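Listed below are the structures to be examined.
In what comes next, chain A is part of two complexes: it sits with chain B in the first one and with chain C in the second one.
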Partner chain A sequence: MGRAVNSEAGRFKPGDRVTVRREDRAGHIRTPWYIRGKTGRIERVYGAFLNPESLAYGRDGLPKRTLYLVAFSQGDVWERYLGSEDKLLVDIYEHWLDPAT
Partner chain B sequence: MSDSHDNGQTSQDHGHEHPKHELSFYAKRIYAIRDLLLEKGIITEKDIQCQIEYQEARSPANGAKLVARAWVDAAFKRRLLADPKAACAEMEIDATSINEFVVLENTEKVRHMVVCTLCSCYPRPILGRPPDWYKSFNYRQRAVNDPRAVMREFGLTLPDDVEVRVHDSTADIRYLVLPVRPKGTEGLSETVLATFVTRDSMIGVMDALPSAPPV
Partner chain C sequence: MARGHHDVGGLSGAGQIDQSEHQLSDWEILADAVNQALGARGIKRTDEMRRAREEMDSKTYHDMTYYERWIASIETILIEKNILTKDEIDRRLAEFEKEWGEP
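This part shows the complex of A and B:
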């Protein structure tokens, strides 16, 4: 699947378990509500991108943020999901992720 | 600018036609902004026409060409998966406006499906404008929490041992699904194969057509 987009490494590597921050703040947030607080695994490191939370307000998007593809088991996201191997994959910026405890 | 800028004017007064039916708030706002940009000389009528033509020229035919080539040429498929934008350039498809482009390969055991739950992110240079259902709240909600039911509505019922992988394209990446080549299509030309590749099969809500559509 696709190329590694750029080579800038971040804090996490593929396979790491991460939990999405459960933050509630205003702004151009690209982390969907339903995934906040959920735990998944880093599937791919996409590299560093300008931060959309800054770009959306006409600012420079710096510092860049590492973007990850994070894979969640559907059963971990929705209580009543049927289909045990199914995955939900979400693109999430590093400042929304913590190491899973 | 007033919200009814046609009052007291005919279309000849400012050079373009407006729809005759009642406009929504957002439509009125768009026309008002357009008129301001024209009046101030920031853009011209020709710019608008060129942009419309550019938007209309981008269509799922681009994606179908990529898929059909990948089905008949294993080396091209490897390049498409490894560096989709370079593969597009090779096919003279302009994907340069996509920030980053990733191709998801379906197999007999894995199906991918793409949604943008936050808005309507979509690989427009490859697939054109997204269908209305792609932008609906219904799809955006159910694609992530009940994708198998969405696929069934599009006519695709998957066995339990097939893994469904839903991509919520929330950020800078645009995704295209590379559908499985239908059985019994060996020996068909690339041009014929492209007619099996529907827009919806590249969003991933259904497979490629099992047979070529009637001409």
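This part shows the complex of A and C:
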């Protein structure tokens, strides 16, 4: 578990189970299509960063958003995954995550 | 809405990844230099470049090579920010073509 890049704490902590929002909207979005709707665990809290969804349009990127490294089981992501224990790690901003139910 | 033309993770049929080294053309190195200079001056950000590529029509996006997409994105952003006009770019391009021939 690496150190955070900056000290701003977010809503989630390492180990928390989270589900990625299944949103489909226009704009510059960093959350890959294939991971939307999937559930994983917070692996690492990177800290707070300017929001690329705003920066992409020449705006100021505020408020900052907490960025996480989220770990998913490959078997939860791909329908016919034949491996076993492998994890998939994805950087996801907090506003794309909900607590897993 | 549907997934964007850039967001292809997990799609089948992508084929093998070409991992061979390839020589960059002079214009591609220049594209990188222009990109870095505009970034260093605070004129554009990587997020804007990505957005410009994502908003191209899909045919244009797929027809372009990697650095062609960069150049097109830089052009879009410079026009958006009123730093250059489309006319100025096209006029200069016509001059280059006259001097050096068609690309």
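Here, the second predicted complex is superposed on the first by the 98 of 101 C-alpha atoms of A that agree within 3 Å, B and C clash if a C-alpha of one lies under 4 Å from a C-alpha of the other, contacts with A are read in each partner's own complex, and residues count from 1 in each chain.
Just so it is clear, a residue touches a chain if its C-beta (ideal position, glycine included) is under 8 Å from a C-beta of that chain, and two chains touch if they have at least 3 such contacts.
Just so it is clear, the model here is predicted, and its values are computed rather than measured.
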item	value
When both partners are placed on the shared chain, which of chain B and chain C touches more of chain A	B
Which of chain B and chain C A:Trp78 touches, first, second, both or neither	both
Which of chain B and chain C A:Tyr34 touches, first, second, both or neither	both
Which of chain B and chain C A:Tyr46 touches, first, second, both or neither	first
First (chain B), second (chain C), both or neither touched by A:Lys87	first
Touching partner for A:Arg25 - first (chain B), second (chain C), both, neither	second
Partner chain(s) touched by A:Asp60 [first = chain B, second = chain C, both, neither]	neither
Set intersection of chain A contacts, chain C complex versus chain B complex	32, 34, 52, 77-78
Contact set on chain A toward chain C in their complex	24-26, 28-29, 32-34, 52, 55-58, 77-78
Touching residues (chain side chain A, partner chain B) in the complex	1-3, 5, 30-32, 34-35, 46, 49, 52, 67, 69, 71, 74, 77-78, 81-83, 85-93
Chain C residues within the chain A interface of the complex	1-4, 7, 9-10, 45, 47-48, 50-51, 54, 80-81
Interface residues, chain B side, partner chain A - complex	81-84, 99-105, 117-118, 144-148, 160-161, 163-173
